[in-house]
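Below, chain A partners chain B and then partners chain C, in two separate complexes.
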Partner chain A sequence: MRFGLVLCLIATLSLIAAAAGCIDSGSEKNVLIVGNHLMSDARELDQGTGTGTLITEKIIITETLVATGEDFSLKPNLAESWKMINDTTWEFKLREDVKFHNGDEMTAADVKFSIENINTKQPGRTTLIDYRDSEIVDKYTIRIRTNTMNPLLPAALHSPDTAIISPKSYDANGEYVTTIGTGPMKLASFNEQTGEIVVVRHDQWWGGTPTIEKIINRGYPNPNTRAMIIENHDVDMTFDPPYSEVARLDAIEGIDVLKFNTPRTYKLDLNFDHAPLDDLNVRKALAYAIDRQGIVDNVLYGVGSVATGPFLPTMAWANTSLVPYTYNQTLAKQYLADAGWTDTNGDGYVDKDGKKLSFKLLTYTERPGLVPMLEAISSNLKDIGIEVEEIAMETGAISPMLAEGDWDMYLIAANLAMVPDPEYVLKTWYTTDGTTNRGHYSNTEVDRIVAEGHNLITPKERYAHFRTAEGIVYDEVATINVAYYGVAIIMWDNVQGFTYDPTAHDYRLSPFMTVA
Partner chain B sequence: MSETGTVARIKIWQSNVRGADWYYRLRQRPGLQIVFVLLAVVLIAAVFAPVISPQDPAAQDLYGKNQWMSADHWFGTDYLGRDLFSRVVCGLQTSMAIAVTTIVITFVIGTAIGSYAGYKGGWVDNVIARVIDVFLAFPSIILALALVTLLGSGILNMIFMLSIVQWASFARLMRGQVLAEKNAEYVLSARAAGLPGWWILLKHLMPNCIMPVVVLATMDLGHTILTISTLSFLGLGLPPSIPEWGSMINAGLDSMRTAPLNVIVPGLAITTVTLLFNLAGEGVRDITDPGTDAEGSL
Partner chain C sequence: MHHYLIKRTAYLILTLVIASMFTFVVVNATPGEPAEVLARHLYIGLEEVAPPELIAEVSERYDLNKPLLQQYLEWVGGILHGDLGHSILFNKPVDRLLMLHLPPTILLTAVAMSFATIAGLVLGIYSALHQNKISDHIIRVGTIFSVSMPGFWVAVMLILVFSIWLGLTPVSGYSGPQYIILPAIALGLHTMASIIRIMRTSMLETMDKPFVTFAKAKGLPMRRVICSHACKNAFLPVLTVIGMSFGALLAGSVVIETIFSWPGIGAMLMKAISARDLVLIESTIMVIVFMFLIVNFVIDLLYHVIDPRITYE
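And then the complex of A and B:
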């Protein structure tokens, strides 16, 4: 009996050892193991119900019609070219050499299916398409009609949510089976228990033969865990450890840390309904009071960069003539004094008509840089005599305060390139009716420029036109831009050939990477 | 057996008989004396925190972040360059203020409700006892989390919520004590003498029932400080501008491996203070209640 037990134990142990041997694939050539922050479930892999960024950027099994260059300008991808036929119709010519993972050719019918799939299942993700219907002109030509005139359509089709999949991703009843895309890698397995996703090379990819054979994607939601697994070389590549760990990891022999800006910005929304934030001098004082360089170096540990305008300077449409509000306490105090705020009673805080200047500063806790940044900003403001009440809670807890207007300043990390075009941000953040214009900034000139810009079609005209509006909102300090968001990508030196895509959400893997 | 030993034992016996032996028992326990002295230091530090802390706990120096211990910064600096010693001392004040207020409130409410229920008996006692059961049945940290989500953060909300979570254990203990004592002869004789109920409760029962509740209160102080820290650690307690140990640990987690003082300093503070209160609580129990004298106690 006891002998039997021992035998069982030995058998079990050898099974575990064998299994462990199978799992350890780190020694194979061109197999990349990635530690991702997503802990995905199967729904995430479905183009209709998931987030496109996983399938399009992290495991590269799907692609979009339109791509972008490093400066966020639009580039052909699955679509070779596009043009506006009339006010509400765009025509897209598709590449003729695109094969799905199952060997089927990609046609206009598949494009229509994919766009309608996401439009029906998650309409919130396609609002910028403003989709009405589409017409298949021939096998490789499709016309997409919008409800209203929409010059943003090609840019909106860059969104990974609009990735093209084969209708055979679903069975006859419309139930999800697997994701059949056109990307350089194809889905091999998904482990529902561990969330591990394995993708292998798609030999018939139109862009050439990928060098990478296999990508194993594992989810590690905790930043500290990601720092440990990369240090132990459990994965070849990961991103966003705690910012404070970046320098330590970089110093480890064989580990490379790459830091980039992502299209996201840390900014302060200002509540224009609350005096004296409607006073330009007070806003300028705030803009000059913040030590942006100190924050980038010491709060973000260099993961990110000092912000000037709302857009990254590398974006093709950015207004690069903006003059930075460089940290200057004397100037900040001067602006406060110009607005009538001085410390008359010697309590360390400026006051006016017997009231001291005091703001309620809000942020949410989900992104790691926000709370320490809030503390740093509040200390900067205290230095020029402004009292700050700090509130940092989960999004769910602060949204009622935002909705009721119970705030003066709101620190947020906002996405800049939902679509690679300036109109979206300028319209939603800064026009009088803008959907995320929380502080109710209003300037008729900005409203007019943005409205006029909507009717311009060519990117060149659009970019030049919107630059003026960006200049106005910057000079008027409609928001205070603190820092551009950064991402830290950490790799062992056995990984080569990674190129950074600045338009991606954090990062996009390249099919032409090699792993030694 | 020496003569002096016998005398000593007779003295113990005498003092036990007289019921005023706590001072003697305290003198027998040097360890406990040290605990009380340390606790006194902690309480004084809590009261005079702003005077004691060498620097403004909110004063940042981004360029001097994450420093090791030095003459300028005894416990080093945190991730925003703030003086950790000053922050930990001010954190003590925050925790103590909340904990002591909470304990005073729960002590008063719990004792009042518990003794009333115990003395009154009948259906009143039944109802109150069931309510106490319901409150005790909730895992306290989960109840606290739910209340914070409902009420929002802040010192007053924290006190309110901790009081709701903790009053029941005081009430139960007091009720049990009163139930055990209320048929004692001195109570019966007081009743026979025609004294009013509230008088008997306050003047006769209370002094004889209160000691275990005082012990509970002392030990609960440590427990409360731990709960406050837990809630702040989870980001549900106090705004970031108020130095508090739990939120200090939470904020320092990301720099744990590059600048461990961010976590170690507040962590040790929580451990020390909680331990001191627990030891003191046990000590008070030992010196006031000879029956529970245990081997190896201080």
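And then the complex of A and C:
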């Protein structure tokens, strides 16, 4: 028996040793191995059905007509310039030196094809374009017509969903074959089973010769796995390990941790249909009761930052004169008392007319920071005498509760730059008919400012105009902004030349990175 | 025997029919309107609000507004004609997705099961033969530990020790045989512990039986007494555990597959559930149920092979 045991042990150890010998070290130069957060499926590579984020930002094989600068202001990309011809027509002049990966030149016809491709197949993703049709003026000029006047069109064409592809990405029957874009990298292989994507340098790229030779994109859906895979140097770069692991990884010699804000904010939507949330004093009490710095330090471990207004202060249109609702329990209790809520029976909860102040707080589980953040917020609210019921479920299960109005506050990490322009957020979150105005906040002044702002064309005018609306919704505590969403990018120091694109979904790779 | 086979096949079909109804009802009763959830996953983003027109369009496009009974009959009718349906989320036929992702899951389950069975039997027998000695105590403590520890924790600890500290195995992925070692151990550990406990108890009982005493008295070498007489008889309860565990391993590998980035049906099923891709969820569950039933059917037949006293009349 003992002999059998020893034999088993030897066999196991030799199997492990043999296996260890097979692990490749990946020593090629300028080959970047990235640990992405999802195991991609073929759908995501197809511009017509995917989100565009993967192909435009993560493997950089496609590009959009419009790009943005660090302050989210628009700048030329595949389009050199654009202007409004009349209320419903924009004209875009295209670069004349752009080649697709198959060597074909990019022309206005390809742009028309790409926009119509996404517009037909994914109408929900092109609502902001409000596309009617387009006219090819010449080889490098296209006029895009919208159903109604749309000053947001150039900003909407910054969305990765509107990436430009060659019609040859599909066969004669319209079936997807491969993605032929104009980006600095081109698709070399895609493993349908594991989701591994390999892209190689596109030598004819209009932006210069990329230094990176090859990018291997692998999916590691578990955050703990991403922390270990980078620690083991199986990948050169990854992002969003568990927030609690960030400091430990940063302490490892040779590993750099970069933390940035991404255009997304953790905010509490408030249900204005449920009294007393329609009382400004109660809302201010809530705003002052939340320890935002504590949440950023202890829940997000520094991945993110304290929020004031709905927009990131770095956005060109942000109203930077807003005064923060700094954590102050005394002031919060004072606002509650002003609204008539005090603890009359000494049970630790404030009450009015014999009724305890009690709220139902919802959030969803798909983003790691939300559930612990909800717990921290609940604890802050209990500290000022508010009874709290917490519910956290996946978004699919939360939807019916939201639709039926069975909630008081909803903690959500909402996207701030679907289009790099203030109108989208202010209109959808805060106007009376706003599509994501879940809590039914309503202010005729805000409605008027947003409606008037729609007619302004130049960014300068628009930004100044919308700042007023941002100030009003902030002062009225239409939503409680808790923290700006952050991303932690982890890379080994053999990777150089990474630049952060604040408009990207988490990160965008740069073609001018090097890997030693 | 023929009578038994016919009866078992009838039970198998009945179980499949009941399972299909149950799956369909549970999947459709999950909170969240499928068209609304799909609209957000496919078209506008998780955190946005799907406008009613878009929900209506998604319902129309994917036939989600048909009566439930009609949807069920069409789905079952499709399966009977060999068509498992089309995944809305992945935009692919379900059978194509299963062809891509079922083999890695079966491979992982089979390796984990083999590891659990071999290690479980060896350690269980060893433990029984060294009852109340130090090695027995160590194995028993190890068994309790393995049963109590959650799979995801074991998986992370295995990576930490064998990949990060010792550098013997890769952390995570699916690029060669070495990648299966840790996930198979992590997945099989719980079953291994169950097998050790059952085998030990069963072995102890068997070793007290008169036929073992008789074999010993005949002067047979101890190795033959254990291998030919005791083990074979002690093995029957273990076979039951193996059959029951197979289903648990097959469907329960979701967490392990995610941690080890294993491209099995676990990750696919999770995506399908969160996006309410009904047909993909239902068909995948039916395939798992079918495999589970087949494995247990085979195991029932194996009882007779191992112990000819068991008959099926």
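Quick note on the criterion: the second predicted complex is superposed on the first by the 491 of 516 C-alpha atoms of A that agree within 3 Å, B and C clash if a C-alpha of one lies under 4 Å from a C-alpha of the other, contacts with A are read in each partner's own complex, and residues count from 1 in each chain.
Criterion: contacts are C-beta pairs under 8 Å (C-beta built on N, C-alpha and C of every residue); 3 or more make two chains touch, one makes a residue touch a chain.
Because the structure is predicted, anything quoted here is derived from the model rather than measured.
Visitor: Is A:T435 in contact with chain B, with chain C, with both, or with neither (first, second, both, neither)?
Guide: second
Visitor: First (chain B), second (chain C), both or neither: which does A:L187 touch?
Guide: neither
Visitor: For A:P223, decide between first (touching chain B), second (touching chain C), both and neither.
Guide: First partner only, chain B.
Visitor: Is A:E394 contacted by the first partner chain B, the second partner chain C, both or neither?
Guide: In the superposition, A:E394 touches chain B and chain C alike.
Visitor: Once the shared chain is lined up, is A:P372 touching chain B (first), chain C (second), both, or neither of them?
Guide: The answer is first: A:P372 touches chain B but not chain C.
Visitor: Comparing chain B against chain C, which has contacts with more of the residues in chain A?
Guide: Larger number of chain A residues touched: C.
Visitor: Looking at A:E245, would you say it contacts chain B, chain C, both, or neither? Reply first, second, both or neither.
Guide: The first partner, chain B, only.
Visitor: After the superposition on A, what does A:G294 contact: first (chain B), second (chain C), both or neither?
Guide: After superposition on chain A, A:G294 lies in contact with chain B alone.
Visitor: Residues of chain A that sit at the chain B interface in one complex and at the chain C interface in the other, please.
Guide: The overlap between the chain B and chain C interfaces on chain A comprises residues 224, 393-394, 397.
Visitor: Please give the residue numbers of chain A that touch chain B in the complex, ascending.
Guide: Within the complex, chain A touches chain B at residues 223-224, 227, 242-245, 247-248, 291, 294-295, 297-299, 365, 368, 371-372, 374-376, 378-379, 382, 388-394, 397.
Visitor: Going by the contact rule set out above, which residues of chain A touch chain C in the complex?
Guide: It is residues 1, 4-5, 8, 15-20, 22-23, 39, 41-43, 49, 122-125, 127, 192-195, 218-222, 224-225, 228-229, 231-232, 234, 366, 393-400, 412-415, 418, 435-436, 438 of chain A that touch chain C.
Visitor: Where on chain B is chain A touching in the complex?
Guide: Residue positions touching the partner: 58-60, 62-63, 65-66, 79-81, 149, 152-153, 235-236, 239-241, 251, 253-259.
Visitor: If you look only at chain C, which of its residues touch chain A in the complex?
Guide: 30-33, 36-37, 39-40, 42-51, 54, 57, 89-92, 100-101, 104, 118-119, 122, 125-126, 129, 156, 159-160, 162-164, 167-178, 181, 226, 258-261, 263, 267, 274-276
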